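In this document, chain identifiers A, B, C, D and E correspond to the written order of the chains, with residue numbering beginning at 1 in each.
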Amino acid sequence: MAEKVLQVAHLEKSYRKKHVLHDINFSVEQGEVVTLLGPSGSGKSTLIRCLNGLEPYQKGTITFEGKKIVPTEKNWQKIRQKIGMVFQSYDLFPNLTVMDNILLGPTKVQKQDRTTARSEAETLLKSVDLADYANVYPRELSGGQKQRVAIVRALALHPDFMLFDEVTASLDPEMVRGVLTIIENLANQENMTMIVVTHEMNFAKQIADRVLFLQDGRILEQTPSEKFFTNPQTDRAKVFLDSMDF
Amino acid sequence: MAHSGISVLFEGTNFMRLLGGLWVTVKIAAVALILGIILGVVLGVLRTFKNRLLRAVLRLYLEFFRVVPTVVLLFLFYYILPRQMNFNLPADQLATLVFALWVGAEMSDIVRGALISVPRHQVESGKAIGLSRLQLYRYVLIPQSISLELPATINLATRVIKTTSILLLISVMDVVNIGQQIIEANNHTYPTGVFWVYGLIFLFYFLIDYPLSWWAKRLEKRRLERTNG
Amino acid sequence: MFAKGFELTIWLSFIGIIGSIIVGLVCSLLQYFKVPVFHQIASVYVEVSRNTPLLIQLFFLYYAFPVFGIKFGAELCGIIGLIFLGGSYMAEGFTGGFNGVSKSQLESGKAIGLNQWQLARYVVFPQGFSLSVPAMAANIIFLIKETSIFTVIAIPELTNTALDLIGMYYRSNEYLFVLVIGYAIILIPLSIILTLLEKRVRYGSFGN
Amino acid sequence: GNSKSSSSNNPSSVAQIKKKGTIRIAVFGDLPPYGWVNKDGKRVGYDVKLAHQVAKDLGVKVKFVQVNANNRVDALNSNKVDLVLANFTVTPERKQVISFAKPYMKVSVGVVSPKNKPITKVSQLQNKNVIVTKGTTAENYFTSKQSKVKLLKFDSKTQQFNALKNGRGVALADDNSYLYAWSKSNPKYTVGIKSIGPKSYIAPAVKKSNKSLLNWTNKEITKLTKKSFFVNDYNTELKPYFGKEVKPSDIVLPTK
Amino acid sequence: MAEKVLQVAHLEKSYRKKHVLHDINFSVEQGEVVTLLGPSGSGKSTLIRCLNGLEPYQKGTITFEGKKIVPTEKNWQKIRQKIGMVFQSYDLFPNLTVMDNILLGPTKVQKQDRTTARSEAETLLKSVDLADYANVYPRELSGGQKQRVAIVRALALHPDFMLFDEVTASLDPEMVRGVLTIIENLANQENMTMIVVTHEMNFAKQIADRVLFLQDGRILEQTPSEKFFTNPQTDRAKVFLDSMDF
C-alpha cells in the first residue's frame, strides 16, 4: 500500500460559536489527487485552510509525512514550505515584480542560492507560458496570468503537497482553461499529491483519483472518482451534481 | 509644596468658574459643529456635482480654511470683519462662526469623500430604476455614506473641541482663559497652582475627547468588519 | 522680522515632523509587534496625546514643568510639544496602514512559509507604508499649522511675529495679510507635492 | 450691519451708549491689582473701579471685555469696546490710531529681577533675555532704544510673570506700577530698575473718531480727579498690594 | 413583420482614447430574445450600458419604440423606466429592506399608489420564491436570492424591455439555476423582449432567438440561435464556443 502523506483524524473546527467542521477523517496517499466537492458554505475552504495552518482548529490531529503536527505557528511555518497553497484571489504581492514574488520564498525562507533559484523560476515561468513576464508587476497581468504566477510561486518551494482552493473561480471564462491545464499536468505528469477544491465538474472528473463530498461541515462520502461522477453514493451528492449543469 | 498647590482648585469659586469656562468651551464647539455639519453636508453634496465653476469655488473655500491655521482665522475674523465689513460680533459668537465655517469646509470634504466612495454600481442601479438625481442622493447616496462619514465626523469634533483652547487669544472667557485668571489671582498663595490649574484643564479636555475618539474608533472598526465580512 | 518668523516656522516644523515620524514609527512598531509592556505604554501615550490640545501641552511643558525644576527653552518646548502631539498622529497613520494590508496578502505570505518578521519586512511594511502616505501627508500639513500655537510660549514664529507687530504698530490688515500669505507659501506647494506623491504611491503599488 | 446715517454710524457715541444702556469697557483680567478676577470670580482692581464709576456717571450698565495688551487698539478699532481702561499708556504711535482722554495715572517702565541676581542697570541686560508682553510700552522702549537686549514676547500678563518665575529671562520689563505690586506678593523679586525711558501717562482711550465720548471722558476725569476719586481708588485697590517704597504720588496725578 | 422595439444604428463609443464600440447596427423585435456573446473585453457590457444611457456614446443613434432618443440625462431617466436592467453585481441598496428596494422605483419615480405597488411586489416576490423575505435586509440574503430580488425590482416598473448583464457571473454554481429559470420564464412564457449577456452557453442556447457575437467592439455575426450553436458563421465564434467547455 502506498505511503500516506497526510492523515486527518477527528478534526473539529468552530468560528466563535459556529461549528463548521464536524469529525473530519480522511487521508491522502503519495501521488494521489483528491478533489473536495460540496455546496457553497459546506466548509471546503475552511478544511483546506486548516491543512495549511491558516485556521486554528479545536480538536483532532493532522499527521503530515508520518509526523503528528503540533499546531504552533512556528511548526506550521516550517510545514508550509512543504505544503503549497493557491487561493481563489490571486494574491501576488503588488509591491514586488513577478520574479521577486516567486523568489521571496526560496531565497528568504529556504535560503536557496539566488542564481539557482532564479534560473529555476525562469524554467517554471516558461512552463506556464510566462517567460517574458519576469520583470513585470502583477498589476500588468490578466487574472489568468496572475493565477499562473501564483501557482509557480508555490511550486518554487518544491512542495511535497499542493492545496488548490477554487483557483479559477474569479477568472474570465476564457482564462480558466490555461490555469486548469497546468494543474492537470501537475497531477497527471508530475504526480504531485494534491487536494483540489473546484466547481468545474469536467475538470474535477479529469484529474481526481478520489472525491470527498462535503455537506454542512461533514464528509458525506469519499468515493473513487469514476464512481462518484457516474453513480454518487448519497442522494445529496446526486442533487448537487444535477444542479451543476443547466 | 505640592500639598498646598492642589487646593488652589477649591479656593473660593475657582472650581465652579473653571467648570463655567468649560461650559463656554463646550457650547462654542457644539454650536459650531451643528452649524458646520449642516453647511458641510450641503457643500459636500454640491461638490459632487459636475459644474466646474461651483466645484472650483467650493474647493477654494475648502483650501483656504485648510491652509490657514485656525489661530490666524480667528484673528482675521476678529480684526478684519468689523472694520472692513462693519460686521461686529462678540468674541464668543465670532469664534462660533469661524469654527462653523472651518467645520463646514472640513465636513464638505468628508461628505464628498464618502459620497464618491459609495460604489459606482449603486449609483447605476439607482439610475437604472429611473431615480432622478435628487432621489439618488436622498434614497441611495446619503443614507449609504453616513456610516462612512460618522467616524470622521466624530474625529473632527474632537479636533474642534481641542482647538477651542486657542480661543483665549481672542479673549473668549473659555476654560483656559479663566485658568489664567485663577493662576494670576492666586500666584502668591499657591506657587504651584499653575501646575494644578493646567493639569485640571488638561484632564477636562481628555475626559471630553477620549470617549469621542473611542466611539469613533469603535464605529470605524465595526464598519470595516461589516464591509469585509 | 517676517522673514525670520517664516524661517523659524519652517525650521521648527521640519524638526517636529521628522521627530513625529520617528516617534510615530517606533510606537506603531511597538504596537504591531505587541512588544510587552511597551505597547501598552505606547497606546496610553497615543490616547493622551491625541485627546488633549497642543496649547495645554505647551503650557504644561513651558509653565508648569519648571515648577518642579524641569526646564526647557521655548523652542525646545515647542519642538517637544509638537513631537509629542505629532508622534501619536503619525503612529495612528502607520498603524492604520499596517492594518490596511489585506488579510489575503498576509495569508499568501504565510502560505509560502514567511515567518512573522519576514511577513512584516516583505509584505506588511512595504504595503502598509504606501497605504499610510495619505494620512502622513495630512499630518504634515496639520503639524505645520499647529506651529502657529507656539505664539503662546513666545517663540517668534510667523503668527507670533504678526501679532507682535500688530501690537506695536497697529496695522492689523497688512500684517494679517502677510501672515496668511506666509502660510500659503509654505502649505500650498507642500500640499500639491504631497497629493502628487500620494497618487504616485497609490498607482505605484496598487493600481490595477 | 448695513450702512447707517452718519450720526448713528458711531455706535460708541455717548448718545448711543445711553440709548443701549450699556457701555463696553476693555480691561485686563490677569493684572492684579489693576484689572483682575479675584477668587470669587469678581472683576476687581484700580481700573475696574474706575470703569464702574464711569458707567455709573453715564447712567448705564457696564459690560467688561477682557483684553490683552496687544489687542487693546484693535478692540477699539474693531468696535469690540467703547472705552479702554486697561492700563493704557499714552504713546505717540498710539495717538495716531486712537484717541486718549486725560490721563489718570503716571508710570514709567521698570525692570523686575530676582533678588539674588538683581538687575540694577540697563547695561546688565545686554544680550540677555528680557521678558515683556506684546504691545506694551516696555516692548516698544526696548525695541526702539535698546536693540542689544533680547526680548521674549508673551501674549498675556500671566504668561510673562510665569516665564519670569521659570527663569526664562534675567528680568522682566513692564510698567513699574504693576511691578511694585507683583514684587510685593513675590518677595523673591525686586524692582531693581524703578524707571527707565520717558515718564508717561495712563489714560482712557476711545476710538479716534469718537469725539463725543472723548469729551465726556475728559470731563469725567477732571471731575473725578477733583473729587479725589483716584486717591481713594489707590487706597482701596492698590495700597494693599504695594510695598512701603511706593507712595500715592508716585502713581496718582496731583489734584489741580 | 413584427414591430421593432429597439434600433441601433452606427453606434460608436470610446472611453477617452480607447475606441471600444465600432459601427454597431442591429435591432430587436417585440418579444424577441437576443443574447450577446463574445470574449471578455469585447464590449458586451459597454454596449448594453449604452442602451440604458449609463454610458455616453459619441456617434450613432438609438431608437426606442419608434422614437429616436435624444441622449440627455433627463430623457434617459424617463426611458429607464421602460428599459429594466440587471447587473452582474446584485446591487440592491443595502440601506433598504427587500420590499423598500422594490418599491422605491414604483412609488418614488412612477408615483404609484403604495398599497397597490406593495401587493404587486408581493406577487412578484412569490413568483421568485421569496415571499417570506420582504422585510429582510439584503445582507441577510444569499447571492442567488439577491439577484432574484434585483430582477423583481426591475420588473416592478413594468418595463417593456429588459437588459441582463451576466447576472449569474458572481453567483455560487448551485444558485445559478434558480436565477436563470426566472429569466427563461420571462422569455418563454411572458414574451418579454430582452437582451441577455451571459457566459452560460447552455442557457443562451435555450432562450435565445438570435445571437449577436461581439469581438473587439464589432458585431462579427448576427445569427439565429439554432444555427449559431451548431454552425457558427465565423471562425472566431467557433474558437470561442470550443473554449467554453473544458
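As a convention for this text, a contact is a pair of C-beta atoms (placed from the backbone, for glycine too) under 8 Å apart; a residue touches a chain by one contact, two chains touch by 3 or more.
Because the structure is predicted, anything quoted here is derived from the model rather than measured.
Engineer: If you tally the C-beta contacts for B-D and for C-D, which one comes out higher?
Structural biologist: Most C-beta pairs in contact, of the two: B-D.
Engineer: Determine the centre-to-centre distance between subunit A and subunit B, using the mean Cα coordinates as centres, and give it in whole Å.
Structural biologist: 52
Engineer: I'd like the Å distance between the centres of subunit D and subunit E, where a centre is the mean of that chain's Cα atoms.
Structural biologist: 81
Engineer: Return the distance between the CA-based centres of subunit B and subunit E, expressed in whole Å.
Structural biologist: Chain centroid spacing, subunit B to subunit E, equals 47 Å.
Engineer: In whole angstrom, how far does the Cα centroid of subunit A sit from the Cα centroid of subunit D?
Structural biologist: Taking the mean C-alpha position of each chain, the two centres sit 84 Å apart.
Engineer: Going through subunit D residue by residue, note those that touch at least 2 other chains and give them in order.
Structural biologist: 71, 74, 77, 155, 159, 162, 165
Engineer: Residues of subunit C that touch two or more other chains: which are they?
Structural biologist: 63, 67, 151-152, 163, 166, 172
Engineer: Mark out which residues of subunit A touch at least two other chains, giving numbers and ranges.
Structural biologist: Touching at least two other chains: none.
Engineer: Please list, in label order, each pair of chains that touches.
Structural biologist: Every pair of chains in contact is listed here: A-C, A-E, B-C, B-D, B-E, C-D.
Engineer: Subunit E touches which residues of subunit A in the complex?
Structural biologist: Subunit A residues touching subunit E: 39-40, 172-177, 180, 199-200, 202-203, 206, 240, 243-246.
Engineer: Which residues of subunit D touch subunit C in the complex?
Structural biologist: Listed in rising order, the residues of subunit D that touch subunit C are 69-71, 73-74, 77, 93-94, 96-97, 131, 134-136, 139-140, 143, 152-155, 159, 162-163, 165-168.
Engineer: Quick one: which bits of subunit B touch subunit D in the complex? Just the residue numbers, please.
Structural biologist: Of all residues in subunit B, those touching subunit D are 11-14, 16-17, 78-79, 81-83, 86-88, 90-91, 168-171, 173, 177-178, 180-188, 191, 194.
Engineer: Under the definition above, what is the set of subunit C residues touching subunit B in their complex?
Structural biologist: 47-48, 50-57, 59-60, 63-64, 67-68, 103, 141, 145-149, 151-152, 159, 162-163, 166, 172-173, 176, 179-180, 183-184, 187-188, 191
Engineer: Write out the stretch or stretches of subunit C touching subunit D in their complex.
Structural biologist: 62-63, 66-67, 71, 73-74, 151-154, 156, 160, 163-164, 166-170, 172
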